[in-house]
Each structure stands twice: as C-alpha cells, then as structure tokens.
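Quick one: structure below, then a few questions.
All chains are identified by letter, namely A, B, C, D, E and F, in their written order; residue positions are counted from 1 within each chain.
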Amino acid sequence: MTDQWLDTLITATPQEGFELAVLLSRRSVKYTQPDLSILQKLRPEYADSADGLTAAAHVLALNFQTVAAANNYWRP
Amino acid sequence: MTDQWLDTLITATPQEGFELAVLLSRRSVKYTQPDLSILQKLRPEYADSADGLTAAAHVLALNFQTVAAANNYWRP
Amino acid sequence: MTDQWLDTLITATPQEGFELAVLLSRRSVKYTQPDLSILQKLRPEYADSADGLTAAAHVLALNFQTVAAANNYWRP
Amino acid sequence: MTDQWLDTLITATPQEGFELAVLLSRRSVKYTQPDLSILQKLRPEYADSADGLTAAAHVLALNFQTVAAANNYWRP
Amino acid sequence: MTDQWLDTLITATPQEGFELAVLLSRRSVKYTQPDLSILQKLRPEYADSADGLTAAAHVLALNFQTVAAANNYWRP
Amino acid sequence: MTDQWLDTLITATPQEGFELAVLLSRRSVKYTQPDLSILQKLRPEYADSADGLTAAAHVLALNFQTVAAANNYWRP
C-alpha cells in the first residue's frame, strides 16, 4: 500500500478521534486482505453477525485507546 | 454518521464514566452496522448468550479503561 | 439503570481493588442484559465451561488493570 | 471469598511478579466458579487443548502487565 | 531466527509506525510457525474469513499501541 | 516450577525484547500445562492453524507491550 493515508493521530475533538480509530481499524483489515472484492463479499459475515460486530467493536476500542492517549484525551 | 454524539471524555463521576463507556461500545457497533433493524434482530444472539455477553463486557472494559484514564481515575 | 453503584475506583487494599474489578465485570454484563432471570439461566454456560471461565477471567483482568492504575498499584 | 490472599502487588523479582500474575489468573476463575470440584473437572478442557492454553496465557499476559507496571518493571 | 529484523521502534511518521506494527504482527506468527510453506497454505484460512481478518486486525491494533507509545504518538 | 528463568525485563535491543516476549508467552503456557509431552502433542493444533497462530501472536503482542514499556521503548 503506497498511498499516504495516516499523517497524524491528533484530532480536534473526541468524535473525530473515534472516527480516526474507525479508519485505523478498516485499514488494518486491508493490510491483511487488500482485495476489495473479497472484503465486500465477507462483509455480511461480520456485519450481520453479533459475534462479528462485537469483534469489530473490540478492535475499534483498542484503536480508540491509542488515539485518545495521543490526544491526551482531549482534556480541557 | 453525521450527528454529534461525543463532545468530551470527561465525566463528573466514575459511574457516569462507565455509562459513557457503554455509549462508546454501542456506537462502535453502529459504525460497522448502521442498520438499526439488523442490530435489533441480532440482539438475542449476544444478549441471551453467555459468550456474547462476556464479549460485550470485554469491549466495555476496554472503553472504560480509556474513559477512566481520561479522567485521571476520578482521583480525589 | 438508575441506582448509584460506583462512587470511586479507590480502594484501601489490592484485594478490595480486585473485588471492585469483579463488581465492574458483573455490572458490565447487566448493562447489556438487565434481565436477572436470563442471567441466572445463562450462568452454567460460562461457570461450568473452561472457555467461559477463561473469558470471564479475561474481562476481570482488564478491569483490574483499570482499578490498579487508579490506585497507583497501592504502592507503599 | 473472605480469606485474605492479596496483600500487595509488589514483588522482589520479575519472576515472582510473573508468579503473582499466575495467582491473580487462578483467583479470577475462582471468583466466577468457587466450586473446586467443578474446576478440577474442567481442567482437561483447557489444559489439554491448544486454544484453552492460549486463552489462559492471554489472561496471564494481562495480569503480568498489571504486576509489572506496579513494580515499575523492576528497573535497576 | 538469527537474522536482525528489529533495530528500533522509532519511525518518522504514524503511517510508518503502522507499517512497523504490521511487520511485528507478521514476525509474531513466524516465531511460532517458521515454516513458510505452512504459512502460505494457511493464508486463505484467515485472509478470506471475516473472523480471521478481525483477529489479525486485533493483533495489529495491539502492536500499533506499542509503536505509537514508543514514538510519543508523533505529537508535533 | 522452581528454576530461575526470568531475572530482568531489560534488554539491549528491541529484537531481544521481542524474543523475551516470546519466552514469556511460552512460559505462560507451561505454568498451566507443565507436561511437555502434552505440549508437544498439541503443537499442530495451533502451529498449523490460522486461528491458533493468530491467538499466539495476540499473547505475544501483549507481552511485547510489557517488555517494551519496561525498556522505555529503547528510545535513543
């Protein structure tokens, strides 16, 4: 993957930080499986399954830990 | 998702922080599956299953780690 | 859930901190499934299963990380 | 559980800290399932299974993170 | 494994840090299974499976936590 | 286990730290199952399975977090 997609972990607000964590989670999957047609095909396997959604939320929670720490938790 | 739902990680009390972690966990799932009718349909898969509940508690524990750190653990 | 159940993460001893982590883990499950009769019914699914017990211990370990950090690890 | 089993997270050496993490992991399981005869019966389910052993190692790794941080990693 | 593959956790940018986390994740697998022909054979098991991809993303998220902390989150 | 196997978490380089994390992960399994003949027998269950390898990489990632923090990430 040669495109530039991650310039900084710093965001203006917690919600933007959460959305950056979503991006990190999606990119994580693409580093393992770059073929978008396969990813598309697999989507129902996790997006329509309670276990799959919880597992995705788990990855997101870890990435949000990283982004939140990077931003000193957006403390006022 | 364009609505504003996360303005701060700072809460007045640990219990409010715990409830914010619940919100983060629920929003995590919605970022992957925004269709509420599917989420409604999947609810019994995790809410009536020991494995599903433990997995949800796992995500919540991670998000509570983040919120608690943000609040310096509400130390007196 | 409107009752007040979590006033502080600070405890006098590591063991009380561990027991608070147990409470956090139990409450986590109740936020997802508040119906106690269902929780009662599901108990054998995890309490009599090696996988279920290990998964519960996993959640507890995460919550103990949070409580231990909050208390500066009860360093003397 | 009323016995006193956890007085401190501080240990003299990393190896003692690792062994304390083993103890924390075992106690975690006992808080969920205090019946020793059931625990005895379940032992082969995880101790003779690759998945079970890896899951137990996972819990131990988390508890070792906590104990190691408590001891400032036994830095010289 | 005697080759030198990890000289530093410090990277110039977050994206390079993310890619180092990818490398750490791949190397982790090779420490357990050094036989490349087996790894090649197993690839479809995780790269074409939603559960497998999420599990791989999970490991990557943990390694990215480590690399990001090492770099003080590339704060400006 | 009475042998002395863990004297310090401090290593000269990140790669030695990674290898110490491998050792911690292996020892974790032995604390639960000390019988080497059983461990030998179980090896194909995880070393020839995508899920097993990812789970082992997960434990390793956690232990590397601990070792890396102990060494202040080998920052120059």
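Following the convention adopted for this analysis, a residue touches a chain if its C-beta (ideal position, glycine included) is under 8 Å from a C-beta of that chain, and two chains touch if they have at least 3 such contacts.
Keep in mind the model is a prediction, meaning the values are calculated, not measured.
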Interface sides of chain D and chain F: same vs different residues, half threshold: different
For chain C placed onto chain F, the superposition rotation in degrees, Cα atoms, nearest 5: 120
Remotest chain, chain C as reference, centres from CA atoms: E
Length of the line joining the C-alpha centres of chain C and chain D, rounded to whole Å: 16
Whole-Å gap between the CA centroids of chain B and chain E: 27
Interchain centroid distance [CA atoms averaged], chain B/chain F, Å: 31
Residue numbers of chain B (touch at least two other chains): 46, 49, 51, 55-56, 58, 62, 65, 69
Chain contact graph, described as a line, ring, star, complete graph or other shape: ring
Ring of chains, enumerated from chain C in the sense that reaches chain D first: C, D, F, E, A, B
Of all residues in chain D, those that touch chain C in their complex: 4-10, 24-25, 27-29, 31-33, 38-39, 42-43, 45-46, 49, 51-52, 55-56, 58-59, 62-63, 65-66, 69-70
Chain E-facing residues of chain F, complex: 13-15, 18, 22, 46-51, 53-58, 60-62, 64-65, 68-69, 73-76
